[in-house]
Amino acid sequence: MEKIVTIIDVWGVFVFSISGALNAMSKKLDPFGVFIIAFITSVGGGTLRDVLMGRTVFWMEDHMYIYIISAGTIVSIILRKKITYLMKTLSLFDTLGLAIFTVIGIEVGLKYDLSPSVAIALGAMTGSFGGVIRDISLNEIPLIFQKEIYATASIAGGLIYMLGLEIGLEKPIVELVAIAFIIVVRLIVVKYELQLPSFYDKEEVEKEV
Amino acid sequence: MEKIVTIIDVWGVFVFSISGALNAMSKKLDPFGVFIIAFITSVGGGTLRDVLMGRTVFWMEDHMYIYIISAGTIVSIILRKKITYLMKTLSLFDTLGLAIFTVIGIEVGLKYDLSPSVAIALGAMTGSFGGVIRDISLNEIPLIFQKEIYATASIAGGLIYMLGLEIGLEKPIVELVAIAFIIVVRLIVVKYELQLPSFYDKEEVEKEV
Amino acid sequence: MEKIVTIIDVWGVFVFSISGALNAMSKKLDPFGVFIIAFITSVGGGTLRDVLMGRTVFWMEDHMYIYIISAGTIVSIILRKKITYLMKTLSLFDTLGLAIFTVIGIEVGLKYDLSPSVAIALGAMTGSFGGVIRDISLNEIPLIFQKEIYATASIAGGLIYMLGLEIGLEKPIVELVAIAFIIVVRLIVVKYELQLPSFYDKEEVEKEV
């Protein structure tokens, strides 16, 4: 079980570092900048979670993460030419990372005996705040504040996770169900371009534009 | 006494979440984004204070805050149509939040036996950094770095607070005096459009424009 | 030895606060904003380091820093007229700060028994993240992510430091060698306008422009 968590953790860091590096390269950052943005994107959410919880930040005690992020950065640099072609893949990587990190964040919260609702919030933070910090660093309004059901998918996945535990499913099953649920929600959202219901009238939107 | 602190705390979070939500809606964020910006604005300053002090972040141990912020967000969404009309009210809410959070921040500092000057700095941070983090998240240069006497009013209120304690006033009195002082300073500043004395010459300013 | 560290620490905070204040004034911030940006620039990197390590943030327990930053801000305001003339000096102050803070960050890491590679990372963070937080606050993409060998010089200096310890040099010697190395690398980089090798083709760059 521990092993499964480690595997999905490594995978999550890897895919998020690729997502971050591709974003950074689309802004023409230098190699160091690309690495830092890959780093921020992949461990930023978990770092914020650990800082808020007063835990030792997870990547300071384990070299593995630096190596994985370096590997993700190098892979991204090699593949950068196909970047427009890869936008769909990038979105998929992002979805995988979101799903995996949500589950990791929830489990950290539960391990520290926090309430289910706080654990769900920590899951959403771990899953989506790396991207928020990345967007702020690249001088953009965070994408997830503006459109598409993103953190909302993570929160829904967290509810599924708690439900699964409640009805007595085993942990690895619950993990896989929650991860699959978040991925499916995101795929549907992207395919049908769903958004949270807007409460702005047409008038209001046009007035701004 | 504890009760008074709780009441002003609830009120501060409520008014700041409205201030944040109105700001987010003026940028046409989606409902999730509006909630997050309300959250950042209302608890961001206190979160930074707690992280820097190495305390457990205050809203992680108390569900109340999430409910208050949700309420503030919903109220804001309902009232959004009157947003231009409400700009003055928004400014008033902001002033109330600033005054209340300054006092809370100071008292947290004193409770941990920090020196008066550090406590005043923590008060100013608690009162004004939620707005700073909000502005950075919305991709703007923080308003309070540019004009109007805002954090400066908070610092002046902190000095009044310490003076009040020094001359032996009771704590609830000192709290009310400091809060009233900050509110009055801000109202005067806004009414007469006061600013900190500028040290830029006309030439310098024009050169830029 | 302690004394040397204190001296270079004071000097680093002073020069970085000047660097921050000059930056803030080029954006026409008000006096309070200038002070805050000077504060963020000079202690931001070390604050992030301490927060990630779970240490008490260094400037909360020592009044000295506030005084030094105030002094740096006042000096900057007095000298602001010569700001264009001073751009080269500003760059030199920045270089000094980078070198000094790198060494301080490394030594904090080693003191807490972290591995050499994590200590080097903490050194680079202490040296360069004040500027990153400053740029994000002023609504710019952090300069060091884009061009010039900056954090990379800090990391190279960290390797020199570890090498020096390894071959048995005394600590004050190692400190001076690492500081001198970083300064020389930066001076060469600025003089010859060196950059990290770009992996973007001409085409790619032009496409963007």
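Each chain carries a letter (A, B and C) given by its place in the written order, and its residues are counted from 1.
Here, contacts are C-beta pairs under 8 Å (C-beta built on N, C-alpha and C of every residue); 3 or more make two chains touch, one makes a residue touch a chain.
Predicted, not measured: the structure shown is a model, and the values here were computed from it.
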Among line, ring, star, complete and other, the chain contact graph is complete
Comparing which residue numbers chain B and chain C contribute to their contact, where sharing over half means same and under half means different, the two sides are different
Cα centroid separation, chain B vs chain C, in Å, comes to 30
Check: chain A positions touching at least 2 other chains come out as 51, 54, 136, 139
In their shared complex, chain A is touched by residues of chain C numbered 51-54, 114-115, 117-118, 121, 132, 136, 139-142, 144-147, 149, 151-152, 195-200, 204-205, 208
Listed in rising order, the residues of chain C that touch chain B in the complex are 24-25, 27-33, 36-37, 47, 51, 54-57, 60, 63, 66, 77, 80, 136-139
